[in-house]
Amino acid sequence: MSDLPQLVLNGLMTGSILAIGAVGVTLVLGVLRLLHVAHGDTMAFGAYAGLFFTGLVGDNLAVGLVGAVVTSAALAVLVEYVLWRPLRRRRAGMVGLLLSSIGVALVLRHVLFWVAGADPKQYPVDLMRVYEVGPFRLAQSQVLALPVAVVSILFVGWLFSRTAIGKQMRALSDDGALAAVAGIDVNRTIVVIWILSGALAGLAGVLQGLVQNSFNPNLGFQLLLPVFAAVILGGIGSAYGALAGGLVLGLVMEVSTWQGFLGGVPASYKQVVAFAVLILMLLLRPQGLLGKARLR
Amino acid sequence: MTEILDPQFWFFVAVTAGIYTILGLGLQIQFGFAGLLNFGHVAFMAIGAYTMAILVVKAGLSLWVAAICALVVVVPVSLLVGLPTLRLRADYLAITTLAFAEIVRYVATNEDGLTGGSQGTINLSGPGTTASYNREWLDFVEVVQGWLSPILGDLASRDFVSMLIVWMIALVAIVVLQVLVRSPWGRVLKVIREDEDAAAALGKYVFRFKQQALAIGSLLAAVAGLLHAFQFSFFSPADFVPLVTFNVWMIVILGGTARNWGVPVGAVVFAILYAGTRFLDFAPFSWLDPDERAYLRMIVIGLALILLMVFRPQGILGRRDEMVME
Amino acid sequence: MLSVDGLRKYYDGIRAVDGVTFTIEAEAITTLIGPNGAGKTTLFDLISGFASPDSGSVALEGTDVTHLPPHERAGLGMIRTFQQPRTITRLTVRENLAVAAPDHPGERLAALLIRGGASRRREAAVAERVDGYIELFGLERVADDLAGTLSGGQRKLLEMARALMAEPRLLLLDEPLAGVNPTLARRLEELILRLRDEFGLTVLLIEHDLPAVMRISDRVIALDQGRVIATGSPGDVRSHPAVIDAYLGSDR
């Protein structure tokens, strides 16, 4: 698994999952000024929900995917009504929101532990099956996941550039006060943002669960910091940036292990590469690769 | 159920509460007084513990010398970490410090040669051998036990002595922090906490104050790490997961940020909750196995955090007008 | 005392400050006037270090401070107040004032721990000065109350008293009379005059209250759209055609 083209492919796979996850985070961060720590665990929730729905209808992955997306979106909306809206009404500050998000994360993760158990689960894919396409060797899970990821990314891109609601979300993300004055229904747009964020998290969770071969409820936290790194990389509040940032980060993470790079980073340190990118970006260029300098 | 009446058990709980008090005081200085959202607190606990253990096992230093070296090392490391990060906005500081703590944990897990890897300190001398760093501490505890047993008899157990030592250190820390907080230095911190620009406009070099708060807090975390290492005679990277930092955050918030005395209260409540859940072996809790009870505990902690933020962000002891959760 | 040269600051394409040059004489009261959006507060931010210019320079008593951070400029004696008073709500009035005292050994960690005596002595000296200002500004009744409980007018007083505690040589006051009842406003005007006459301070202020400006200023600088459109004595500037245009044009 050490040749470059394969690593690039893996990087695109990882990257597209990070990208999908990052869009949700960047929207919530940009509009609600909330660093949504529970996003990772929403992804984990999606992975498990997907597994559940898949099993429900005779191992049908498509049903699993839809079920995961729908329930994750519903979960996000539920938390909005039960927690975020009341907190906003009480004028909770950034710190209060952050700590609440951590609370939600803890609850979500451990409910998953309780209900599903700590032992690793996996999706019903054939782990042994490998497809050879040119210089690439693809596992069955990747063959299933990659097209879904690509379509999702294109869908998100379309959503933000062509639809009214997408433009409203972007407006709210760019300047909340102005958008409210311009007549955009802030609360409704926020609900839409949570729907999208939750849905994408669920989707990313299913894909990660597929690609990871086996997963446990810690899947979410493991993805969290790389997703944040992708968000920062692409510039906070920018959905396109999140997509680009995710893809770039995924590539960097995988390709960094290539032995052509002075021996390459040991595979177990891939996460550390993401952390390092996160830290470096925040220090050197906090507005992201594409963003305008507007941070404090 | 009889365990609940066994004082030895409660001494053990008290040690845990004491260690968390020291951790909490460190975070208190950083967040309650300087407004730093440090989510990598556990990293300095790890650095303190590992530095000491490595020096004892690999360099043959005495435990006491190694402990002092560990504390000395922590200060420049915290300054280094603070250099780039303290200028960041609050939540970015949070994830940067979290990422830093995870890097420390990853290194501890993967660099077997240096840290013993995921198997922990037992592996410090390499595979096939059992390394130990704690001999001198245990000897010291025995000596103290010897002093106390004429007076206290059976009560003077190892855990009892540990409890005394840990809480003595905690008390000293509280007193020192109280002095600091009431000093002119502490007064500037309060300004910075509320309005950095106002502090700068009055000529205060905000960055240096934040660095100092970070260093003091990290020092306390390292002390807690050392005490943890002494108490358990063994540790591994699994002892330094982000969960520990979240626990400390819970404690600091519970006790009411901006009050030093709130921290031991929060820590004791927390330790009792943690330990107490094992006594819940009556219905409906007896229907749960130990794993499930652990999960339930975490769920309760998460809910408590949420409820605190919604209903009582100033914590148990805090006053509304002192609330720092703006 | 203070000189700015060719200061420019653009925000997202808007020329907030567009090539501003002037000098301020020592021991004089100079007022910046101009319609809303003229760039006055941005100029203050540039002078005091809370924003960095895209081009141009700022010099305090001959020393170039253009790239110094705000706290260093404060250390050189340039103290500014803010339009919305930035009093610290969680500290008492006394503490708000005490913390403004410069060069306190007790604020340096090493000095505090090793030579506690110096800190205590300074605290005593500071406490005396604090009492003095409390009396001067008539804040006796609220001296030990948390600043968060003060009325708007009292906070303005506190803001100014605190600025004085910081031992300024140049005082930058951002709309000191705004939102204050007329009696208090008159008191503040007298205070500002006393600052110049008794304390020998140099004052640069932003103010919209034109009659007050006429009363207390030695010199007036008028800004519009980021540029200086007139400078001179209050009477000269008031009757300057460009100034009249700017104000009429912006509906004041």
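A, B and C are the chain letters, set down in written order, and residue numbers restart from 1 in every chain.
Methods note: a residue touches a chain if its C-beta (ideal position, glycine included) is under 8 Å from a C-beta of that chain, and two chains touch if they have at least 3 such contacts.
Keep in mind it's a predicted model, so treat the numbers as computed, not measured.
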item: Least hop count linking subunit A to subunit C through chains in contact; value: 2
item: Chain at maximum distance from subunit C, centres defined as averaged CA atoms; value: A
item: Subunit A and subunit C: spacing of chain centres that average the CA atoms, whole Å; value: 48
item: Length of the line joining the C-alpha centres of subunit A and subunit B, rounded to whole Å; value: 31
item: Centroid distance [mean C-alpha coordinates] between subunit C and subunit B, Å; value: 44
item: Where subunit C touches two or more other chains, by residue; value: none
item: Touching two or more other chains - residue numbers and ranges from subunit A; value: none
item: Residues of subunit B touching subunit A in the complex; value: 37, 84-85, 88-92, 94-96, 98-100, 102-103, 106-107, 110, 242, 246, 249, 253, 291-292, 295-296, 298-299, 301-306, 308-310, 313, 325-326
item: Touching residues (chain side subunit B, partner subunit C) in the complex; value: 180, 183-185, 187-188, 190-191, 193-195, 197-206, 212, 258, 321-322, 324
item: Complex contact set, residues of subunit A against subunit B; value: 35, 83, 86-87, 90, 92-100, 102-111, 113-114, 118, 221, 225, 228, 232, 266, 268-269, 271-272, 275-276, 278-279, 282-283, 286, 295-296
item: Subunit C to subunit B touching residues, read off their complex; value: 48-50, 69-71, 74-75, 79-82, 86-91, 95, 98-100, 102, 104, 106-109, 112, 119, 122-123, 146, 148, 162, 166
